[in-house]
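Read through the structure below, which is laid out as structure tokens, and then see the notes.
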Amino acid sequence: MIKFINVAKTYPNGVEALKNVNLEIKDGEFVAIIGLSGAGKSTLLRLINKMIESTGGQIFIDDVEVSSLTGVKLRMLRRNIGMIFQSFNLVKRTSVYNNVLAGRVAYHSTFKTIFGLFPKEDKLIALEAIETLGILDKAFIRADQLSGGQQQRVALARALAQKPKIILADEPVASLDPITTIYVMDDFKRINRDFGITVVANMHHVDLALKYATRIIGIKAGEIVYDGPADKVSDDMLVHIYGRSLKSDELLGDIDEAI
Amino acid sequence: MTLLEKKLKQKPKIWILNLIIFVAVIVLVGISFNGAQINWTRLEMAGYTLREMARQMTDINWEFLIGFGSYRFTEGISFLAIETLAIGFLGTLIGAILALPFGFLASKNISGKIGSRIGETLLVIIRVFPEIILGLILIKGFGMNAFTGVLVIGLHSIGMIGKLFAEMIDNMDRSPIEALDAVGASLLQKIRFAVLPQVAADFSSVALYRLDINVRSATILGVVGAGGLGTLITLAGQNANWNVLGMIMITIVITVILVDIVSAKLREKLL
Amino acid sequence: MKQFNLPSGAVIKKPFNKIWIVLGTLLVLVLFFSLFIFSRRPFFNLSVLGEILVKMFTPRQYQNWGDYFGYMLTLRGPLVETLSMAFGGTIIGSIIAIPVAVLSAKNITKIKWIRIPVRTFLNLYRTIPVMLLAILAVYLVGIGVLPGLMAITGFSFGIMAKMLFEIIETVDMSPYEALESTGATKTQAFVRAILPQVFPVYISYLIYIFEINVRASAIFGYFGAGGLGTVIVESAGQYYERVGATVILMLGVVLIIQFISNYARGKLQ
């Protein structure tokens, strides 16, 4: 369970990215965060695994206060949280398998992993994750030889290999074409449903967010202005969150036809 | 004056500049010739010497070349050729390994502005220091043998490889590092799984390129006594033994070409 | 090939990791070559080494810095020799390289049995290290600055010829063909159409080669070919402070030339 109590983040240059953030995300939810670029979505997401440090308030993950964690304890927190990036963040020159296996490093001593000595179970976990994402036949191919959608799947497999309780996704499909977007979002949905992993995703495309998430959090100028079920989001509410009517690139469009 | 003639007059007088440069160059070349104090008689003799050289050089002494019969293997040219290769290879290897920490030091991403400046300066000094002189110095410490040669090549290579390595680190993709941060990796794990795979191919390519150049240097280092083919050159030259000199030259050319080809082929594969 | 059996029933084969072959080969080569190196046992005389280094770079011989720099001033003769060898040789060698480069260029010399031998000769020629050229030149014409000049000329010729023909091959041929069609001779067309395209790069290479040659000619004296190196030969063994001073001077000059060279080449781009 993720809990934010009165969380605020002000950057050193004075920008108040987040203020007065309170929320509670229960296990197994599929949450989409929407809002204008720069409204604070990325900041919120990165506060969860302490990639960014808060300047006020408290953040709890399963009753452990995040901001107090450092060193080994922090790494142990992070190994239970998977993160997906917009630009995939893979090691392009190495194989899918090596990329996914890297997700297991926090579970073993630095010494062993440096020499590539992962226990057999870990290697199987990695391969299973690759299989779950449906790219087993590409397991030993160099990552940069795959398409964008496949690469994001590799990233997902890497996150899955961590056997995480939470997966954070920062605009995971913003770089993909519409059809691949649907496939990858389906993968997210499947993982959320079959493995019970909490998904918190920043979404650029509003209609996509509304279709896949069960819960929407709308952020405007650093504050939460909407927090509730996806089916209760009205057009007026969207105008309120974005401060205007939606532009065309904030909608994927033709979703039902693409499937 | 017509409009055209006026325009013609305005055309920038580049030719004056060209003339000045031309004259300056001739003057400078003239000065350098003057400073050379050319011994013209010697130059005339050179023609004869060349012919004699060519005649003797093409007369190959096989026993000396390979090292059997009246010559022990360790005295043969083949031995020296392999020794030269050894100096080049081991020197490059040591240089490459030691270049890693220096490269990290000189990289802005790792050491920040000040640290990288220090690292860069160190590397520049190592790079610019002439190998021959380094050889002369180290011989006093380690003797006139191939081991010294390895040290010289190794030390010099640190400068060359280190600089390129630092550049590689500064230009690499940082996104996988961020991803591994999120996974919970330690610093060493991040280096091993995010940095290493990216730079490994380019680093090897640089090392192979360096190997090519180092083998060439190694052939000459012997002249000051650091082992390899060079050691024979002084002896042969002083005795005007064009025969030996010729064989050495041919061996050098062959060795360098071989290393060149191998290095180029391997680098192709890395791309 | 390693085989993995997944719980789902799928089987997958992991290809053999090539890194082990590379490491294995490296190890074999290291062992093999080390045999050769250590066949003649090296000695470790580090104290002597330390002494020499100290003598070289902390001159006690000289009472004060004034004397030290005074000595450096006396090196200006050899320094000028070094620079003029490098300069003259670079220019002459680079000029001689032009016709040879033209002969090796695919787009100008279409006759294979001229072009290919010329190219092969160039490739072979370039494998000779410049120091070797210097040594040979000394044997040919005796010691002095002349062999150094000859060696630099020869060396510059080799490098410039290769760099030049590579550039010529990438040049835009259309103005050349256009001029030919207006009745110009091959040479005229070359000078007017190709040369202007190549010229800036040529100058850029000239400066680059000059920089390399300064470094080389600084050492030539050791083999008898003139310049700063002669000071080192004379002083080594006894006057290590002089060797140190000469080396520092060398380093300084090379660094300055490198600096100027980079600046000038940057401006040319």
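Chains: A, B and C, in written order; residue numbering restarts at 1 for each.
Heads up, the rule we're going with is that a residue touches a chain if its C-beta (ideal position, glycine included) is under 8 Å from a C-beta of that chain, and two chains touch if they have at least 3 such contacts.
Predicted, not measured: the structure shown is a model, and the values here were computed from it.
Undergrad: Taking each chain's centre as the average of its Cα atoms, which is closest to the average over all protein Cα atoms shown?
TA: B
Undergrad: So using the touch definition from the top, which pair is joined by more C-beta contacts, A-B or A-C?
TA: Higher C-beta contact count between the two pairs: A-B.
Undergrad: Averaging each chain's C-alpha atoms to get its centre, pick out the one most distant from chain C.
TA: Here the answer is chain A, farthest from chain C.
Undergrad: Report, in whole Å, the distance between the mean C-alpha point of chain B and the mean C-alpha point of chain C.
TA: So the centroids are 7 Å from each other.
Undergrad: What whole-Å value do you get for the distance between chain A and chain B if each is reduced to the mean of its CA atoms?
TA: 50
Undergrad: Measuring centre to centre with CA averages, how many angstrom lie between chain A and chain C?
TA: Distance between chain centres, rounded to whole Å: 53 Å.
Undergrad: Looking at the complex, which residues from chain C come into contact with chain B?
TA: 26, 29-30, 32-34, 36-46, 48-49, 52-53, 56, 80-81, 84-85, 87-88, 91-92, 123-124, 127-129, 131-132, 135-136, 138-142, 144-146, 148-149, 215, 218-219, 222-223, 226, 232, 236, 243, 247, 250-251, 254-255, 258
Undergrad: If we count contacts the way the header does, which residues on chain A are in touch with chain B in the complex?
TA: 49, 51, 74-79, 81-83, 85, 87-94, 98, 102-103, 105-106, 110, 113-114, 155, 158, 162, 168
Undergrad: Which residues of chain B touch chain A once you look at their complex with the stated criterion?
TA: Interface residues on chain B, with respect to chain A: 173, 175-176, 178-186, 188-189, 192-194, 197-198, 200-201.
Undergrad: Which chain A residues qualify as touching chain C in the complex?
TA: Those residues of chain A that touch chain C are 97, 123-124, 127-128, 131, 136, 139-140.
Undergrad: Taking the touch rule as given, give the residues of chain B at its contact with chain C in the complex, in rising order.
TA: 25, 28-29, 31-33, 35-39, 42-43, 45-46, 49-50, 53, 74, 79, 82-83, 85-87, 89-90, 93, 124-125, 128-130, 132-133, 136-138, 140-143, 145-148, 150, 216-217, 219-220, 223-224, 227, 233, 237, 240, 245, 249, 252-253, 256-257, 260
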